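Notes follow once the structure below has been shown.
Per-chain numbering from 1; labels A, B and C assigned in written order.
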């Protein structure tokens, strides 16, 4: 009889059930979408923050002091130590290799630029040639990936075409190009090589006065194949905290493992230095320190907003449930007049609420997942996916919220004097 | 009561004309509010919560940009002034920059040159204003900032002579155990006392920073670079750059694109996410109000039918229910607005460690929105009720 | 005063309809019914549940519209007029007495009465209090319905029905929810109104109550099954009553009531 009562109530009172069901569905939709967005926002914003540039730099361990002003290194280019280009793919072999979004090696070289057609100053001019990867195919083990300045330095803008990493084409910084009167498509003579200018580079930084070339060309001009001065690494990191700042050498056993296995900038730098021989890796504090702060703020904001969303949807579900139950107080009065105990009446309502919550929760989960996907697509151009593990959690929340929302109304309905309820007075 | 007569309406109206008048309409509203407290309070609660959540969301949406911009200013300079062709900047440049900024940011001057250590190694020495750098480049990890250069140097003979910040990579090359050391530039020597070390992970690590006063006195070179962290929207920053270009003609004014673009992207995405979240939440809140008010109006369908049976016109009834809803909506909106401002301020304090300024410009939007949602929520069930004959309701079906 | 001509009322068939539904599509609550109630006449309507009694009263009270036919109230056909006009008719010509009293729960007794004044023209609290005093509730005027007994609530309902001096009083089981003592009070009030010359249409289940009227009709399946006119001595022959049926003059009514007074 109990089951039949619940079943008939659903079959016969479709409109009311639909209303409450719709409220639950919408509530769960919003909750699911917001939870999905909140859990993923850190990763998404982290990727956006990578537009500010690499947050880690790897340099040779025994390097001599840089003498660099305004991006121009006054140290003799052959001076100091180098990293080996062959070691670079190992960056993708570290523990947090999935968090490495890209790296770009840099090799600045001084080279003489022939100034054709400049009568007042016919002597060759010394310029900085920066060798790097643009978008180079690198393989580590079986893994193939593309990396270079196009991903690590996204603010670099090229009018013309990016050179191929295996070509002899170069980019000229826009201020240097202005001085030389060169345009993309022109030829320059650099260190007695004829090079094709494929584009004009604009960065807003020191590179505007330099020539940027594929790494192999720079190594060739320098005469040191495989040499790299420094490597910029972009990594997704966790905002550092007091634990992150501890010295790994002072940590023991499990604590060390925990430190090592957390994507702090320090931990990733430590792993990079391990992976590349004779190197030291450091966080670029301007980037890594501040992104921690920004990330914490945005994550905190979205977290608080998710709380607000959960609260609002819980309220909406409660309101809908309270309304539906309130409308049925005459029915309660009747049941009680027929001798039904409070427990029986309450359990009928709770059974209905559970059924509604499960149905609404399932629908809401599906719709909410789709909504989160849409948000991910339209805002971040990437997927926001919901782990299916979340389903039972969401369903449990839906049932709990529906119960909580109904409880007050059910208690009031059950506590009513059947006579009043039947007379419809309150 | 007199016997029925041919024209009861006009006679009754005439006889009642001298009676003292109380507005029945108002009386009904007040009674309904006071005596149906439970229902009214729950509807009001829903309204207030919806309005509060909406207010908080709108406030945050308006404010989050400013808040995050402040966070981004910690990235340091977004504008750089460089003397044309590596020349020094005129000595009044910094004052000009400060007057253009007028409190909308920080600027720090830098003079750079290559000096030699005692063993002849070249090293970059920078002269700057430590106070300004400290505000500008908050990410610098400094073990100890040099003490302020006070005018009272004479009175305090123990004060350090030419205090300096040494980059962590430069430190081993110049000094052991933080002993004072000499630097030479074009034959002139400067006796420098290390006050602390600086670590940034970038070029700063290989430099020595001394105060600008010491720098110019020693080398006679004026600063060649001024780094500016200007705060404001992209338009405001463009305006500042424009002014700087016009005021300081000897300098190249360049934006730090790296910072500006990253900032724009992150802000844009955050705002979009917030907008999506706000829309969802406000929608949910509106639904909450809708279902509460639907229940509230349906709950009163018997009153509706009785009044109808007593001869109330449809317009009067609509007016009555709409007025109730409007009063409810307005009250809820005002309460909600205050609570919402509170929530927004709290979030600002907790998350951004800064007060979120109450945006009273949001109030009319929230008020209008609440009223619209309330009236809509009330009109929907009322129009449904109008279609039902009162007889059916009075029979208790 | 009330002229009903060939009125039919159809209700769409409902799952839980309590009408006498036989059609698949609709239920004939009233089936081509014609009835005339003279001015000052007291008509009681009897019949089993679902026979259309309440529907008839609701149609006369302009709470509902007939599916076909005409209803003339005081020389006006209300079957075809706009709902705004219906509201005026209800406010000015009709007083309702309900079985469930139907007071607005959040208004005090006097305010419930004033509500009817308000819908009619304007409010006059003094007049409303006087009206309550006439039904013996002068001291309960500022109580809420929930603070009053059923009989008191019914008397408020009656005071409200009378406040606008209606020509027609419609009472749907006015004593159905009352104990004997309160029933007595309510019936005495109704008799007073009858003496004042108002037209009363009353639905009742109680044959004793029905006999207080001038005439009694019985409905079955939406049709008038029988009618009975009560003589001075309450036992006039049907034929004699029928002869008087359509006259319904006031003089006649008054005379008879005077005669019956002592017997009550």
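Note that in this section a residue touches a chain if its C-beta (ideal position, glycine included) is under 8 Å from a C-beta of that chain, and two chains touch if they have at least 3 such contacts.
Keep in mind that this is a model prediction, so the values were computed, not measured.
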item: Distance-maximising chain from chain A - centres being C-alpha averages; value: C
item: Chains linked by the largest number of contacting C-beta pairs; value: A-B
item: For chain B paired with chain C, centre-to-centre distance based on mean C-alpha positions, whole Å; value: 67
item: Whole-Å separation of chain centres (CA-atom averages), chain A against chain B; value: 23
item: Whole-Å gap between the CA centroids of chain A and chain C; value: 75
item: Overlap residues in chain B, where contacts from two or more other chains coincide; value: 302, 396
item: Residue list for chain A, restricted to those that touch at least two other chains; value: 424
item: Multi-partner residues of chain C (at least 2 other chains); value: 100, 105
item: Residue ranges of chain B touching chain C (in the complex, touch as defined); value: 1-5, 8-9, 12-13, 15-17, 19-22, 24-25, 27-28, 31-32, 34-36, 302-303, 305-314, 316, 389-391, 394-396
item: In the complex with chain A, residue positions of chain B that touch it; value: 42, 46, 49-50, 53, 56-57, 60, 64, 67-68, 71-72, 74-76, 82, 86, 112-114, 121-124, 137-141, 169-170, 173, 199-203, 205-206, 225, 254-259, 261-263, 265-266, 269-270, 272-274, 276-278, 280-281, 283-285, 287-288, 291-292, 294-295, 298-299, 302, 343, 347, 350-352, 396
item: Partner chain B, residues of chain C touching it in the complex; value: 54-55, 58, 61, 63-65, 83-84, 87-94, 96, 98, 100, 102-108, 111, 114-127, 131, 134, 144, 160, 162, 164-167, 196-198
item: Of all residues in chain A, those that touch chain B in their complex; value: 19, 23, 26-27, 30, 33-34, 37, 41, 44-45, 48-49, 51-53, 56-57, 65-70, 74-75, 153-155, 202-205, 282-290, 293-294, 297-298, 300-302, 304-306, 308-309, 311-313, 315-316, 319-320, 322-324, 326-327, 371, 375, 378-380, 424
